[in-house]
Amino acid sequence: MIEWVDKEKVFKDPVHDYIYVQDRLIWDLINTRAFQRLRRVKQLGTSFLTYHGAEHSRFTHSLGTYETMRKVLSHFDRNFGWPSDDRMRLLALCAALLHDIGHGPFSHTVESVFQFHHETWTQRILIEDPEVSRILMRVDEDFPQDVADVIAKKDKFPLVVKLISSQLDVDRMDYLLRDALNTGVTYGTFELERLIRVMRPEGNDVVVKKSGMKTVEQYILARYFMYSQVYLHPVTVGSDVLLRHVVSRVKKLWDRGDAVYLVDELKPFLSRKADEISVAEYLELDEGVMNYTLQRWTRAEDPILRDLSDRFVNRRLFGSVDTRELKEVERQTIREMFRANGLNPDYYLSFQTATTGGYHMYKQGIKLVEESGRLLDDISKYSGLVRSLQPESKFRIFCPKEVLRGEGKYKPIRGWLDALRD
Amino acid sequence: MIEWVDKEKVFKDPVHDYIYVQDRLIWDLINTRAFQRLRRVKQLGTSFLTYHGAEHSRFTHSLGTYETMRKVLSHFDRNFGWPSDDRMRLLALCAALLHDIGHGPFSHTVESVFQFHHETWTQRILIEDPEVSRILMRVDEDFPQDVADVIAKKDKFPLVVKLISSQLDVDRMDYLLRDALNTGVTYGTFELERLIRVMRPEGNDVVVKKSGMKTVEQYILARYFMYSQVYLHPVTVGSDVLLRHVVSRVKKLWDRGDAVYLVDELKPFLSRKADEISVAEYLELDEGVMNYTLQRWTRAEDPILRDLSDRFVNRRLFGSVDTRELKEVERQTIREMFRANGLNPDYYLSFQTATTGGYHMYKQGIKLVEESGRLLDDISKYSGLVRSLQPESKFRIFCPKEVLRGEGKYKPIRGWLDALRD
Amino acid sequence: MIEWVDKEKVFKDPVHDYIYVQDRLIWDLINTRAFQRLRRVKQLGTSFLTYHGAEHSRFTHSLGTYETMRKVLSHFDRNFGWPSDDRMRLLALCAALLHDIGHGPFSHTVESVFQFHHETWTQRILIEDPEVSRILMRVDEDFPQDVADVIAKKDKFPLVVKLISSQLDVDRMDYLLRDALNTGVTYGTFELERLIRVMRPEGNDVVVKKSGMKTVEQYILARYFMYSQVYLHPVTVGSDVLLRHVVSRVKKLWDRGDAVYLVDELKPFLSRKADEISVAEYLELDEGVMNYTLQRWTRAEDPILRDLSDRFVNRRLFGSVDTRELKEVERQTIREMFRANGLNPDYYLSFQTATTGGYHMYKQGIKLVEESGRLLDDISKYSGLVRSLQPESKFRIFCPKEVLRGEGKYKPIRGWLDALRD
Amino acid sequence: MIEWVDKEKVFKDPVHDYIYVQDRLIWDLINTRAFQRLRRVKQLGTSFLTYHGAEHSRFTHSLGTYETMRKVLSHFDRNFGWPSDDRMRLLALCAALLHDIGHGPFSHTVESVFQFHHETWTQRILIEDPEVSRILMRVDEDFPQDVADVIAKKDKFPLVVKLISSQLDVDRMDYLLRDALNTGVTYGTFELERLIRVMRPEGNDVVVKKSGMKTVEQYILARYFMYSQVYLHPVTVGSDVLLRHVVSRVKKLWDRGDAVYLVDELKPFLSRKADEISVAEYLELDEGVMNYTLQRWTRAEDPILRDLSDRFVNRRLFGSVDTRELKEVERQTIREMFRANGLNPDYYLSFQTATTGGYHMYKQGIKLVEESGRLLDDISKYSGLVRSLQPESKFRIFCPKEVLRGEGKYKPIRGWLDALRD
């Protein structure tokens, strides 16, 4: 079943030094249109507006996830004889490589307006994209569906699912290191090589040697720090809010039949539901489309769309203020104040609760195992540090900075906000 | 004249750790539309198709060039009392920050078809863009022109010109380190801090302490290696060729009145000469526009445009073969063979001579100076290594890979090419 | 009062890139015999037997501590105008540079047998070593005592004391980064530059901006990880035990008048109390002396000394087993079993409780401060992560590996130990 | 023949991240007394007096050389099926691990006085040390001699010799990276992984793919820069001169029967020739012995020995001045001036010519090979950069700094030296 590439292929990579490809299947998947499109989707969405280095794409992260899986499998094979068959190995590698293939531009933001989910698209692409599915079918007819099922976290291949999507998965291992490198922070750093060395397959689970507990803690904390310092940075959240408002405004204008500049590629997403959109149509959506259209909207007729787009494109971002969580009646009052001052609160105001993840056993926790092979309990039973990682919520109000500064007519709003400050 | 920002502002940077901004002038320039647009222009054009990590923008490099200049000025100020006035300091900082502001998407490639030069646009933007020029004019009325003159390498501020554009300039110092980091190679590494420490202002020149000669050699070699291993990588050159052919094809279609999809932003560049295009029009050109249009062209009616665009967007790049330099008559023969096989040689064939830079004294060489202050000759007089860096040329033929592999009807062409191989 | 060195001096450093010296006072202190002796004392004692890269000396760490202090002071001076006088600045720099000058070879181990404390020696050297004290007195007559008082954590200069020795001190900042680099682990990594940026002097305290809380957490965790993964690594603790037993054995032999090889430099420490030993005598003690003598003892007549020394020098280290904490009667039983099998338990057995530090408010905690300047409570009030860092104890039994493996006659002991295993 | 260790063993390493040991043979060799002794010999001799970070031992470098060989063999095995037998693999690994086992403290300096060569000792230890030779003989009776022959560059295993000792050997690959990391410079950086990837076995030679030529250049230049910036740094050479003079003085005193403190371990080297000294005696020589004795000599009766030792131990090093190469008569004049001023020129003056290596074909040059397998000529035929690396000589006079500064009675000497300055 394995078709080797003639010669080992390599990609030079800033995180792993080299990414090694030995299977023709992997090589051919990388060269599909659907996979190359990931070069045109940023890994961290709007984060580059906070950390200017965050300009890397989902393409580089997907290659890195594949490589991390390759390393894990090599360790498992060398030391525990798993996987015993080549199909399982390819399943794990393909799932790692393709796990993000359904991501669109600024996914998290755009999806919430268009109401679809990149996970669904990933699965559809694996099965419906003729180029990708044909390559996967070279393994066998069921293979595309099996890869899709792994990504859907179905039960059939629990160990592979665990490696792709759990508290200890290759996806996270790569993105923490890669996002840290590109943003220029050390928060995401951890001992990758050692982490892999203390992992072992155990029935349907991946467990960790007890002597490696601190290495797992370091990795769990890398995620904690990256969330608070990078992924949920208020400037980034504010950029997301702004972009979401832009897209909502467009949708509003379109829905009520107002003129709005739209390239053909965007129209399906405004007129049809996700399941009425074809994979081919979906794959045309990338940051080229979004960035170009955003640029155009900076000259839109509608003053709200024009202003919001201009703020986003030219980085006049919303600011934020931390407050206690507001009651609906309080929110309503603020909305009214905005409206009274000529700012439509649907577009110029947002209440956001940012919640960091914490560590959850029920979200595929991490079990420890003794040197002797005796299975122990979840790491949270042994590590006070891990237990301390409870989800944390922050409530913030986002709006234009001139309002926050209390310029001119906004002075009273500022007074109000000051009173709510956390 | 100096307006300090209220508090020292910093940008987290993967190369310099932090970029420090103390002047409100700099802060405001960074926040202009024209400067923010650099986020939408990749620093290395098509290099990401060879080194997937090369996705960083000219925005990050421009900040890094500014920071490197800031470090050089701090060393010069601390140890040699230069610059003595604040205007000169700001001139150097602004020129460093803005030196690439005129770059467009895939500049080197697109410029050659549209026949304009980013240097010219840089100068025009400084003077004609209302937002940028107004900020610069806060120093004084002549300031925008002076910054433009520095970028045009005019004589008025020779020391600043030297620092911005010479064999030993802050532009190169930043891009070598940044491009190396992002591509994941060590070729561009050198001792930045020490290099700065051995530099000193000397009249109108920047000279280097003789004891630092090896550090300068390391820096000169960093450039040598980056050129051969990254900037002139045949896969990258082949991508440039392909993109240039796409744009030429579009121009051809437009010139002869054929239908071709064109967004408004591109039309001026096809219908008018550079000096008839306004700065505002120019600033609308970014990679959003280019990437979106390229995507559209993959569905063009014209088969050549459609095919070439598809190759570029989906990375079915041209391959290359190294040959001896061909005579015109030989080139003509190959062109004919292509045509005979149904490949228009204007679009499917390219003869390229890649020339690495070498070291030139007359291109603002680097003079040494003794500890005692005695000026010595150019470094090339003392360093055999530097002297060995003569420009090197490589002749290569670029065309589709199926031709190179001699598939089907292309077998005879392949035979011909093999005979020419270097 | 300040005497500048003619030209800025620099040391190339693997952690800080460059260490900058501008004051002649600092330069002259570095060149004293007492300070140069730190080159012959390893920073991490016996850790090199676990992590082979841990071969760096207290000399390099002392320079690094000085440099970190220099950076903190530069930030404090630039942004908060502290310290206002040059004497205070020099006091902080000298205390940072000299804080470890009293360390001897394998201090923690050797001190416990010889019963003295390196802190005491540090203070005595500052005042009694003619070369060091004469240089310090160039500031003024009280200066040596003031530096000594800072190291003794006396009240007079609370802010400087805080910077040298607290939960947030320059000593720890340098050693975490340096020990991590040399051992090759990432556990000690944190954002030094940002940590310094969020620190500010506040009356007699150093406080941290609340927005920098996560950066402080990262730094506190760096210590947590380094303790568990490096400093308290059981192989290192076992090496310490072994070395301590060697020295105890020598003391025993000496005390009872048995022949034992001793170089002159060691004799005072066996025959006199610490306060009867002169600073000049103390400064002769370094790792040259210890290593040479250990080598000699591998050929000692006394079989116990010979065997233990050989184990240490040639790395046949003690192994360990984790057990629950044992009662005295259980310990006694094990001691007897060792004795019954021909192993003197005073030298071949050790019960050790390793306790990691945790975070203590009362050990100079870290207060937060709002952007507005409003002082908040200790970080532990806000950070669940910091609160989770309680001191942790591990109980371990150390003895020769052949015993642990249950070789030959040691089989019954092994059975006993297995029953106690944690 | 292969005895695997029960579980893959690893060493955490600052250069290679992990060093992997799978063979029990290697594991047992690492644990020999002779190999552990390398922990007590610094890799860079007196360089730590110039670059304070250069405190790493030959032990760490030996492990790193082994690991680099392991990587090369893995690549050769995966891609070219070499070595075909396990004995050859072990031969290469053992030779790499043990290539420096004969090094003594400050070898290059001490050897020149005692007139022996570490290469000879390496070979003798492999065969004569009972512990080492017994382990090696587990392979077969001839194995110790074969390893010794590889180190002696005998013809029998040319490919292994090439990998251990040539222009492209694993020894150099490790030390460049390791010395660079520890000194904190980037001069020794090169693309290790890629360098290995472009190497291939070709008959009795190791050749390099032509497409990897620039990577080889980078590696050759890493050596060039490390020699000029680190290994031949005048402060280091001056330290070597000083140490050599100390040892010569001791030898002189001993030879003429004067009292001089000497530990037993040193006596054989003063009274007997190298071939009359046993391996056991030799292995007692380490930096513990040297450092301790040097310390003692700072209190020697002989004023010259006392003064020189004190200068070395407490870093009052000799300074140097670059001059043109002096004729014997000129040297004689200077010697006389020293003598006239009370400085014995045998101990207070040294004329040194430092020669950097250059690149030599006849010293096991590096041949290129085409993708097709066609062997090409030596790299120097294709690379102007490599050709430019001619050996360079610098002539320098070393003596106490007070003489160079022309203090007091030394003023005339200084005048003379100034006249000779290069």
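Quick notes on this one:
The chains carry the letters A, B, C and D, assigned in the order they are written, with residues numbered from 1 in each.
Convention: a residue touches a chain if its C-beta (ideal position, glycine included) is under 8 Å from a C-beta of that chain, and two chains touch if they have at least 3 such contacts.
Because the structure is a prediction, the values reported are computed rather than measured.
Of all the chains, the one whose CA centre sits at the greatest distance from that of subunit B is C.
Subunit A and subunit D have centres, each the mean of its CA atoms, that are 51 Å apart. Subunit A and subunit B have Cα centroids lying 32 Å from one another.
Annotation: 43 Å between the Cα-based centres of subunit B and subunit D.
With touch defined as above, residues shared between interfaces to two or more other chains in subunit C number as follows: 12, 17, 185. If the chains shown are joined wherever they touch, the resulting network links each chain directly to all the rest.
Those residues of subunit C that touch subunit D in the shared complex are 11-15, 17, 31, 33, 36, 39-40, 48, 51-53, 55-57, 59-60, 63, 181-185, 263, 265, 284, 286-295, 313-316. Touching subunit A in their complex are the following residues of subunit C: 185-187, 189-191, 214-215, 217-218, 221, 224-225, 228-229, 384-385, 387-390. Those residues of subunit C that touch subunit B in the shared complex are 8, 10, 12, 17-18, 78-79, 193-194, 197.
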